[in-house]
Amino acid sequence: MSGAPYISVVGSGRASGELYELAREVGRLVAGRGAVVVCGGLGGVMEAAARGAREAGGVAIGVLPGEDRRGANRYLTYAVATGAGQARNLAVVCSGDAVIAVGGEYGTLSEIGLARKVGRPVVVLRGWELGPHVAVAATPREAVERAFGMIGAL
Amino acid sequence: MSGAPYISVVGSGRASGELYELAREVGRLVAGRGAVVVCGGLGGVMEAAARGAREAGGVAIGVLPGEDRRGANRYLTYAVATGAGQARNLAVVCSGDAVIAVGGEYGTLSEIGLARKVGRPVVVLRGWELGPHVAVAATPREAVERAFGMIGAL
Amino acid sequence: MSGAPYISVVGSGRASGELYELAREVGRLVAGRGAVVVCGGLGGVMEAAARGAREAGGVAIGVLPGEDRRGANRYLTYAVATGAGQARNLAVVCSGDAVIAVGGEYGTLSEIGLARKVGRPVVVLRGWELGPHVAVAATPREAVERAFGMIGAL
Amino acid sequence: MSGAPYISVVGSGRASGELYELAREVGRLVAGRGAVVVCGGLGGVMEAAARGAREAGGVAIGVLPGEDRRGANRYLTYAVATGAGQARNLAVVCSGDAVIAVGGEYGTLSEIGLARKVGRPVVVLRGWELGPHVAVAATPREAVERAFGMIGAL
């Protein structure tokens, strides 16, 4: 394997225009720095992050909840099907060296909690404010810079 | 199976004296109303909830992360070993009709997120404040009353 | 927790009359020796084992694949919902000190493989013949005696 | 995502010289036909399959049991860390359109069972003989041809 960092981008499967564009920009910036984008593989923020990654010439890997690759968004480079339902959220965050959460519904909250539980740094963009151990960023650029900074890959 | 409700009590594996006593009282009150207490099976809040359930003559079921029942606290009536690591958090919340979170570190946050994701009502006692879809209670009694109220079992 | 052994009884969710009766007898005999019966919580062999356990005055715990306790057979004493789909097979076998497989379709085969992988002794009754590390029994009594023997609980 | 098939290659983490070479040849042949190789990401058969895939200019994705990418073999193109222990076996087989099992210990047996349970065709090379629903091949070439044939991708 190459030594490229992996950054998990998490967020709702339903994303409004602005949130979608923020996630897409996060994907672009992460891939532009040479990192692999990991996401939950479905729509909304997951799709936007994958789309951004591909637009920047990068790689997006989706980690799906179902028993096959159906439902995978079309921007993924590769997809893995876990068959484990919402337990796949753990796989999404374990696969990244850091996690960027864009917006946030409850699935996202679970991913932030799991990420911190397994020791991953987390940056939130337009979402949950969860105290000193979960960084908050105002822009995609700040989110990505903080995430790379926290894994020593600036 | 009996038709008794199941209430999942979640919280840190390390709990201070006060938090431990709050969780123990939650366990007592839940079991005193005839519900089964489900928890993560280890120490801290999980132990306290199980202990309280047993003190009230009730049943406590632990859902463990490891590949066997080692590490189970001694107050559990029965334990299940999932072998799935932190993915067991999903099983803890899916097993309850409602979830009461006592205190809160990041594992707890993940359980609140997963619980809401799969449609379980959540009441938080001394922990995360997470907006209108996650109720906050000031006392064990209020937490238990709200949890039973939300599942129509008052 | 009491020190009672746990025995996981695994097998198809669809069981013919004879297989159902064999699993029921396994459940009776396991519970009659004071052990907890663990099963996958659904129909067929899972139901039969739970039914037998209850008929012998014992306890049956079901570990379900879904996100709630729906679909649980009515003979279970308690049920846990994992939300993890077929990944719950790992939890079924990890929860037992030994595994008895009655009949066998592919889900059962996966449980035998997982059980051996995590070091549990397995006895098969009317099912897969899988070499020297998976015991084969001809009757429920022989299956139960071998299972208890292998965990030093004869 | 491209429409390339995915083939999961499963087998022991410890593989003898001959078995290792068989798995490597399977990886080469699968990748040579343009399919993505999925494996469990660790050593032995998993490493050999990934190595073969890369030697043929293809892609190998590893689906790891741990909470991070440590332990991944160096031939993988990308790796996903599930954090779910042996429950990751389900993800390995769900991610493939068909499964080729090389040799076989009990983890492999669990993967064959899970694969059939979720409806994936399985071809075994030098391993378990499990009846009419699990094909047996004598050579890597036959295994790969049968796997592609069963998914209509010959």
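By letter and in written order, the chains are A, B, C and D; residue numbering begins at 1 in each of them.
The criterion applied here is as follows: a residue touches a chain if its C-beta (ideal position, glycine included) is under 8 Å from a C-beta of that chain, and two chains touch if they have at least 3 such contacts.
As the structure is a prediction and not an experimental result, all values here were calculated from the model.
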If you take the chains that touch chain A and keep only those that also touch chain C, what is left? B, D
Computing the C-alpha centre of each chain, which chain sits at the greatest distance from chain A? C
Comparison of A-D and A-B by number of C-beta pairs in contact, larger one: A-D
Hey, how far is the Cα centre of chain B from the one of chain D, in Å? 39
Could you put a whole-Å number on the gap between the CA centroids of chain A and chain B? 29
Residues of chain B touching 2+ other chains? 67, 83-87, 90, 114, 118
Chain contact topology (line, ring, star, complete or other): complete
Note: in the complex, chain C contacts chain B through residues 1, 6, 36, 38, 59, 61, 63, 66-69, 72, 74-84, 87, 90-91, 93-95, 114, 118
Complex contacts: residues of chain A adjacent to chain B: 84-87, 89-90, 105-118, 128, 130, 133
Per the contact definition, I'd like the list of chain A residues that touch chain C in the complex. 67, 82-87
